[in-house]
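Heads up, there are several structures right after this.
Next, two complexes with subunit A in common: one pairs it with subunit B, the other with subunit C.
Let's look at the complex of A and B:
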């Protein structure tokens, strides 16, 4: 088991290296020279040369790439162009607000969508199934912006139930600012999750071994809970686990519209300001977390599915 | 094989069974048509015999087998088991009846729960039907099942994916036998297996039949497979039985042109033997829009004008005491 985990982690290293290379090429070669952006149109050649030296752009590409790899390993991405703050500090500061929005919203979404999926899969084809699926498709088709604008206008401005936007680092004052964006997150994600879980469950319902279970003389309820659910939990768990590391990154639009100082709004700000080091750090982090999520699900598979071995 | 004692009342009797599947379409999934997978089938299966059920893929064999066990609900018609009309039973009573009627599916890979050990697969039916008071009683019964089906004790702690196809089918057989049923629907139990394994499994099923006095409905898609195991054979085409008789009658004197065609596609090992080759024209028509009149007429070598309009009934063909029925206007 331990050997398996180590092997899996090691096998992620080349992937990570490849991702780093692509990100590097995108930012350093395709992205163009950021110094003109920073100094404006009327900068003198001398100013440009000084700045290029300060940021190391005058060094050969391979040296710059090694510097970037060092940054990844040491989690030290240098300073932001815009705020001159250390990027690693900015990231650490952003994680807290992001997670305090995302963890509760993710938990509620997961529990609610699992419950609904169980219900509609059990009553598949009946009116309750059809109604919920239609509502889900409708909910999925609306843009998140529509939810945000409606929520802020109706629930915050008209009804006054929540603040329109803002943030407070203190507990429990923080909570009031998180409820509306959290609910919007649930509303936006629910449709997709319910449909995904419903399909995962129904895929199992049509398997032969479920017929075998019926032929044994089990009641429908027992067939459903003992045979169908246990097997459909494999794709469902995978879907859940792969999302967990990405929660850290927060929700871009929600944080930005609701003024929550998490990693999401930090990234949006960086994009507005062409703050390349920050965007690069976030892109790298995103890729790393995604690889990590995949790693987790691989390991989880071997634990829950007897067909997958440690080989 | 000894003749079945058909003077006994039949163990299973199917009367005018019809199964329609709705075909849904449109955004509101309304029923827009229906497939008549089984159309007006009647048959009898006597205690201790094997009835072979043969027909091309898609002709409704599995549907018929599952309707007989009420794993799916028949649209019309009756199924009598030991004289009792089981189409009237509620879900509770049907579950009790599973002790007496079992099924072995075609695909031994898909029909075992991949997350259950063999031990649990075999114990579950015993628990459902409260057979064996203590776990010691049950494990005794389970090891007996393993012996009967030629499986080793070590198998118990393994998962289905660790076995070959043949071994898995043995596990499926053991699972079906666990509750001591009298009647088993064998739905193409060897079709998914290598030819070399098929004979082993068929032999095992024959031995078990003798030992336990089982009654089989043995489904296959070609006549070759059921030749040696069946006492009687029924040939199905597009949801209907087109010929039925004893194995001897059917193989020696086939009456329906479809049966003749199926038989002529079986290779005969004796090169000096000359037989008339009947080659089937075209594909099986869709069950959704079956041909008018006799369903077989578009592919039939002897079809006449009236075959297009009038569906033939099953009628007696032979002169012997054993029934030999075929549904063809021109067979004799």
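Let's look at the complex of A and C:
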């Protein structure tokens, strides 16, 4: 077990290095020197030189790369161009609102879609299965922006059930601002998830052990919840990691529409303000989150399926 | 065919029409697939929808349709009316035809799908083929490259590339092309590993076929159906991503695209102006739906495993 964990952690190191290299090449080599953009076209040579020195653009590329690696390790990404705040502080401020939106939304999505998937798998081929699958494919085809705009317009503006946008750091006041964006996230991701889990579960229901379980007289409920669900855990866990980018995109759009001051709004503001260091830091952190998520599922695999360790 | 029911259930599109493949044998992979696809009426309908969008895009590109789109056809924010075909979807803030903007948006969406596929498919096929075929350190390198690229959440990489290359359509092409080759490379690598030791490849080697000839003339035609399946998904992803990027202000500039129209709509809705949002959303919905279903049908028709 421990050897497996260590091996997995070590195997993430080259990936992390690769991510650092790609982000560095994008921002420091392709992106080049953003000082002119920051100072406007009337900047004097002296101003440009000072700013270049301040942000280290006068250093050779390999020094800049080492500086960037240091930033990753020490979680100190310097200051934002636009707000002059420390980026690490901005990120710490943004994590709370983002997590309080995305964690409940994600949990509800996963539980609801697993429940629906079990239901349609049980009724496979019947009208309820067909209807839900068709609804899912239709739902998957609609743009996330359409969900957000319609949801905000109809449920918040027209019906007045929720605040249109805004945020309150205090609990429980915070909750009322998070319900509608959370529900919209659930609606957006449900279609894909139900279909994915349905396939994963149906793959299992065709296995021999299910026939055996039925043959020895277990109830359908026990067959599904005890045997099938347990054995589908590997694709389910995998899907949860695959969803991380969707969570990030969801956070972008939902936070900016509903005025929630999380990491998504911060990134969108940075894009609008051409705030290089913030975008760079967020790209790095999101990639690290993804790698960490992958690592975590690799380790969780061993808990749901003891055979994994022997591979 | 005994596995038919379970396969349909597994792929989840049983509701969209079934194909019967009992009589299809031995006429070549693509012809078999085409015969099977012809029996799947819903898939044919989707091909029709995609063809219609492609035709509209082409006609707009040639200047035969929806030109000039920036002509003032009526007052600002006129609701849809059947007075003229130009106003069936109403007008925008400058009195321009929303219908024309939707058609122009079709051109952008289809061109983003096409150009990004033209960039990503060669990258994905070549990297996957080389890694899977040669193995060893070459394979390690290929796997490292695609693991790394796929570790950066797509939307962040898209934002970074589009942001750094400057706003506009070329940046979107490159950003989407550079990020979307990974899944194809992964599939190709797996297939090449499977195929490289098969008898027909060994036979080719024994009569002196070079590596290049074995990869491109012998193995590639046998795994090319994965490219077609991938193409459908790629188009769908590209269209969705273009809308998001344009919405974030990183996309198309000075031209109407569905994303730009949806972006405009966020300020219009509270004034009761729903037609710009509806036009762009509905136009996008049908083409994405068609690609979604087509992707599944193509997999059913082309994947020899379930023959």
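Criterion: the second predicted complex is superposed on the first by the 275 of 311 C-alpha atoms of A that agree within 3 Å, B and C clash if a C-alpha of one lies under 4 Å from a C-alpha of the other, contacts with A are read in each partner's own complex, and residues count from 1 in each chain.
In this section, contacts are C-beta pairs under 8 Å (C-beta built on N, C-alpha and C of every residue); 3 or more make two chains touch, one makes a residue touch a chain.
Quantities reported herein were computed from a predicted structural model and do not represent experimental measurements.
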Which superposed partner A:138 touches (first subunit B, second subunit C, both, neither): second
Partner chain in contact with A:44 - subunit B first, subunit C second, else both or neither: neither
Contacts of A:244 with subunit B and subunit C, given as first, second, both or neither: second
Of subunit B and subunit C, the chain that contacts the larger number of subunit A residues: C
First (subunit B), second (subunit C), both or neither touched by A:209: first
Common interface positions of subunit A, toward subunit B and toward subunit C: 125, 130
Subunit C to subunit A touching residues, read off their complex: 5-6, 8-16, 144-145, 147-149, 151-157, 159-161, 163-165, 240, 243-244, 247-250, 259, 262, 265-266, 269-270, 277, 281, 284-285, 288-289, 292-293
Contact set on subunit A toward subunit B in their complex: 125, 130, 207-209, 211-220, 227, 230-231, 305-307
Subunit A residues within the subunit C interface of the complex: 14-15, 18-19, 21-23, 26-27, 30-31, 124-125, 129-131, 133-134, 137-138, 140-146, 149, 153, 157, 195, 198-199, 202-203, 206, 244-245, 248-249, 252-253, 257, 267-268, 271-272, 274, 279-280, 282-283, 286-287, 290-291, 294
Residues of subunit B defined as touching subunit A within the complex: 29, 69, 71, 91, 95-96, 98-99, 102-103, 105, 107, 110-115, 124-125, 128-129, 159, 161, 172, 175-176, 179
